[in-house]
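Letters are used for the chains, namely A, B, C, D, E and F, taken in the order the chains are written, and counting of residues starts over at 1 for each.
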Amino acid sequence: MLKRIRVIIPVNTPIWNQAVLQDLDSFKSPETSLEVVNLKKGIPSVETHFDEAWVIPFTLEEALKAEEEGCHGALIYCTADPALLACKEALRIPVVGIGEAAFFLAAYLGKRFAILSPGPSLPFDVGPEVDNIKVYGLEKQCVGLKPLEIPVLDLERDREAVLEKLIQAGKEMVKRGADVLVLGCGVLLGLEKRLSAVLQVPVIVPGRVALKLCESLIELGLAQSKRAFPLPGFNKEVTL
Amino acid sequence: MLKRIRVIIPVNTPIWNQAVLQDLDSFKSPETSLEVVNLKKGIPSVETHFDEAWVIPFTLEEALKAEEEGCHGALIYCTADPALLACKEALRIPVVGIGEAAFFLAAYLGKRFAILSPGPSLPFDVGPEVDNIKVYGLEKQCVGLKPLEIPVLDLERDREAVLEKLIQAGKEMVKRGADVLVLGCGVLLGLEKRLSAVLQVPVIVPGRVALKLCESLIELGLAQSKRAFPLPGFNKEVTL
Amino acid sequence: MLKRIRVIIPVNTPIWNQAVLQDLDSFKSPETSLEVVNLKKGIPSVETHFDEAWVIPFTLEEALKAEEEGCHGALIYCTADPALLACKEALRIPVVGIGEAAFFLAAYLGKRFAILSPGPSLPFDVGPEVDNIKVYGLEKQCVGLKPLEIPVLDLERDREAVLEKLIQAGKEMVKRGADVLVLGCGVLLGLEKRLSAVLQVPVIVPGRVALKLCESLIELGLAQSKRAFPLPGFNKEVTL
Amino acid sequence: MLKRIRVIIPVNTPIWNQAVLQDLDSFKSPETSLEVVNLKKGIPSVETHFDEAWVIPFTLEEALKAEEEGCHGALIYCTADPALLACKEALRIPVVGIGEAAFFLAAYLGKRFAILSPGPSLPFDVGPEVDNIKVYGLEKQCVGLKPLEIPVLDLERDREAVLEKLIQAGKEMVKRGADVLVLGCGVLLGLEKRLSAVLQVPVIVPGRVALKLCESLIELGLAQSKRAFPLPGFNKEVTL
Amino acid sequence: MLKRIRVIIPVNTPIWNQAVLQDLDSFKSPETSLEVVNLKKGIPSVETHFDEAWVIPFTLEEALKAEEEGCHGALIYCTADPALLACKEALRIPVVGIGEAAFFLAAYLGKRFAILSPGPSLPFDVGPEVDNIKVYGLEKQCVGLKPLEIPVLDLERDREAVLEKLIQAGKEMVKRGADVLVLGCGVLLGLEKRLSAVLQVPVIVPGRVALKLCESLIELGLAQSKRAFPLPGFNKEVTL
Amino acid sequence: MLKRIRVIIPVNTPIWNQAVLQDLDSFKSPETSLEVVNLKKGIPSVETHFDEAWVIPFTLEEALKAEEEGCHGALIYCTADPALLACKEALRIPVVGIGEAAFFLAAYLGKRFAILSPGPSLPFDVGPEVDNIKVYGLEKQCVGLKPLEIPVLDLERDREAVLEKLIQAGKEMVKRGADVLVLGCGVLLGLEKRLSAVLQVPVIVPGRVALKLCESLIELGLAQSKRAFPLPGFNKEVTL
């Protein structure tokens, strides 16, 4: 069963496209075809509610285009899940945020999960993922979000240092009760196995989980409930 | 104490401005000066997550401008509270969404509140207000959101019919346990006294409550916690 | 990637095996091989905590055997998820209960799901699924379990009558707020499309969802957290 | 709009009256007139459920008198909110407890608040405020109550020592996740700015918040829902 | 093991004493001696927060006297549990409210309980029991409090009419999901068997349950945790 | 009133019988007769979901036999409460798990309880008791389960060492907020007084609490709600 999936990386730059596509390609079904796109306007990375605000209508635009162009599903490739609820209203094909997919699987695999997030020096447990988890109804299962204090745009510079920070942050979260860890960024790739081996807990790479979930939904003929996310009337004129 | 408050009606049309200003003028402190603005782009009314998506960056733009121009506080005048969390991050002056202000006061005045919302024929208990209430932590106190099935843009046509629908919907919500009602739209004005008299429960007009809350915060020298809503690094280039 | 999955139908009869295998075969990945087994002792169908008690150690026995014999994953094919937590402790390969898989997906696809269960004339909202949902942390998202009052062993007799009962029960649950429905039995197959078309909500067939989840976990190299479900010391002598 | 507000300091001594009146006078609206009263019987300070028990009927007596004498609103000036629910039943004018007002505003301004309370050496997180927060439905948003181990009657002796204790206790609470602090006593005045400057979180002075809330309710024509707090039949004879 | 238990009926009238003593006598252990007392001041029946306020200090007075006079335990014989938390602080002997004892047992015997309360025509689900259940942490297990609209002082007039009202109210609560019923009044005695036979659910008589719990605590050497309910400093002068 | 209570120690060995019987004998009512039994098959001690799985049908068998043989109540003497929900469905006489009885009393006596459990070196807060507490609805009141890292079968070897471990673990739990401690094992007897004296919190011995609860239920004519735990149809053939 052919599955054409649009991967929307909701930033105004293509710099992550190749790495993301390469990572997803190793995990996709042979019958899945992936198409990676970016936004025409916005901001180059999303780490806060503030960042997220700039990309929301342009993300929705890309999601609308994906359905119009015949895709069977769409991924919003950012753990902050920007514009996700709007996309679920507007589209009939399954739209999967990589944040929501990762958080639901984390809640499923253990009793309490934590998120390890890049991001500048924020306090513990703030930001869009933390608020979204309340909307998704998984608040009780989430120990918290721990920032690594590395800007997303610097993640590639010194990968051993990033791994070391992941291990330290992960240990702290396991001590607080976490038994599953979620990497809170779509481009934090390739360190998950070593982190999992050191801490002995599952480590979830959100984009991969979202891909498998989207493929599964397409194969099962399922999508977001239109009763929970009813189609909006499209008769208002939008200016953008 | 002079309080200069910017009232952002987050739509791309000025059609509501006069009615809103007139209503707030009757409730403002003598020392408050109100300035009503709209968005340069977006959509003419916000009833769904889909609608909300189009106005978010432009609402944030107006909020940033309000602080730059020396306002002491800002209201986001829509019960869906678009861009609210982003504004709370970006600004140091108090930013009050009329939705959040109404929901907290409703939770305070009784045990369980309900929202009566205009909006086209949606199912029970969907839409941005319902999801926001989870983020605000008031889910247990909210009986649900009941749509009146009137498009916002038609609210002024037949006010007796609107009142009748409000009474019917309100009765149903009281029967489900509500003891306070919130009018789920910023421009549903002037019917609250008759509704409250018929149903014998407090009826909350969100814009007025938000105004009084914003004035109080300014007078008390308080605003959103910057630990909960940390200032974003502004060094990323935004394209809009 | 070859995925050998053992499907444990936890009853002491093979009468469901062919129908289950046939249904799963249409949804499995081309690289998945399915092996259906039953229990050496127990009871012919599981509808209550009482029924479930008789099959628990024999289900665990089959799960242990699956791992010993080199399977990559195991399904416990009963929405009551008998012996599931014990299996998650005992095994390193992913063990997926069809109940838990269905409930997590239902919580993901909408805001509130309901379960339509066969079963004799029980009161509303009792039985093993209802208690398990508390353990899985999805209580807030579950509207309830509605019994159809049909013994599992009679499901095949008059399928139009079963569909009619599903539609009536589903309508009632949608009115209570459900926006996703879960078929609360592994052998209630082939009616889901018509039910979904009538009620306009997603209808989840648990076995299929569990299959796709188990395949995804194997492909992603994930399984239940051994910190949440630690390996028991096997040094106690069991008599069975 | 004239607002006559009775401030009931629910103790059998006038020793706090002047300080409270002076503090509230700086924050009241020009159109508000404040009248401070005490109880005819009771106890000189309220720090525990035990203390609170002695003042309850006498606080209710004063609240009844306030309404009879034509006040537009009443404050119960103690963070334990003694007799508050009884007053809300008995009165039609708004009755605001300074505890409840502070806790709702704290929940509004951040994600998680903590209370810094004087009081003798109690364990963490006990006492009337802690139990009231469950009744108000704000349990999830409250990190806890931290006692300073200073009897209320000693608060004025060494204010620098009190500030030092507030900073230490506040730091501990921020580390536990608090992003807003509430001063858990009506007479802990004048230290809030320095505390807020050191810890960089909003610090709430309950009496001031209650005053602004009460003024707002009067101006908006709102009060506690009589459906949540129905008028008791007054036909039973009380002996006091 | 001798168990001397003081039964405090927290009203200013002895009219219920004989009926209560007679009822408890049939259920007490042979080694228990019961002593029934009333308050020196207050109100003749407790149905609201307002009523409760008048009896609180006088109830505490009686509880203090019970411990001073060597009792091994005390019951507060009113389902509103007046002064209970204050008594738990002040005393080292077990103090059991008949409300709390009934609610905990109801939560234990089923999944969801309801309270059938006398009381004049109140709305559904208001009053002291409803708020106390939040403090006790049993909110999720309580379907609600249904008033019978009979003043407590009229309960003895027409017992068949009372039974009829109990059956109607009980049926409604069972339909809402209750599987255990609590009689929300200490003097609603002698109808429980017929009610239980008609509705086929356990019916809890609070006073009896509290008696057995108090006896059990005394025999097991247990009482309220003094860490949860620390002894207040008694050094403040009380005027009453 | 004669109360014949069957004590089912759900293991396949009689080694604990004498100690348990001796302990319960000191607390039983003079009118209670106790009968201790074991299982015909299973495992010698229950510390995990895995262990529990082996004993479930054989525990249910003994419970069925207890009712058939005319007992008035039954205890399942293991804090994991194996087969408890199945027994509550199958029987009309009260069946009390020593775990559930202890957890409900712990929730009643304080605000937050913790469990001190023997068991090999498990992570914090895993195992059957932890999951059961969610089913019982007491999750909010439970701070967690702390393993002592002593196999149950070694508890008798060095009792001073066990006491020392209990004190250390108890201190940690009190620091986390526990104000009541539950001994998480039915054969951890005789150390509770010293532990309680050191930590100044109530220490609950589950078997004794369950005995008193079972006696109370029998005397009050109460048992598990058959609406919550409906009688299963017994017409299916079981093979064991």
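Criterion: a contact is a pair of C-beta atoms (placed from the backbone, for glycine too) under 8 Å apart; a residue touches a chain by one contact, two chains touch by 3 or more.
Just so it is clear, the structure is predicted and the values come from calculations on it, not from any experiment.
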Joint neighbours of subunit D and subunit C, given as chain labels: A, B, E, F
Repeated interface matching E-F, over half of the contact pairs identical, chosen among B-D, A-B or C-E: B-D
Most distant chain from subunit E by Cα centroid: A
Distance-maximising chain from subunit C - centres being C-alpha averages: D
Which of A-C and A-F has more C-beta contact pairs: A-C
Rounded Å distance, subunit A centre to subunit E centre (Cα mean): 52
Approximate Å spacing (C-alpha centroids) for the pair subunit D, subunit F: 44
Rounded Å distance between subunit D and subunit E, as computed from the means of their C-alpha atoms: 29
Junction residues of subunit A - those touching two or more other chains: 111, 123, 126, 137, 179, 227-229
Category of the chain touch graph - line, ring, star, complete, other: other
Full enumeration of touching chain pairs: A-B, A-C, A-D, A-F, B-C, B-D, B-E, C-E, C-F, D-E, D-F, E-F
Of subunit F, residues touching subunit C in the complex: 12, 41-45, 47-54, 56-57, 59-60, 83, 85-86, 88-90, 120, 122-123, 126, 128, 131, 134-135, 137, 151, 227-230, 232-233, 236-240
Residue ranges of subunit C touching subunit E (in the complex, touch as defined): 123-126, 130
Of subunit C, residues touching subunit A in the complex: 27, 29-30, 100, 104-105, 107-112, 136-138, 140-141, 174, 179-180, 193, 200-202, 204-205, 208-209, 212-213, 216, 219-229
Residues of subunit D touching subunit A in the complex: 111, 177, 179
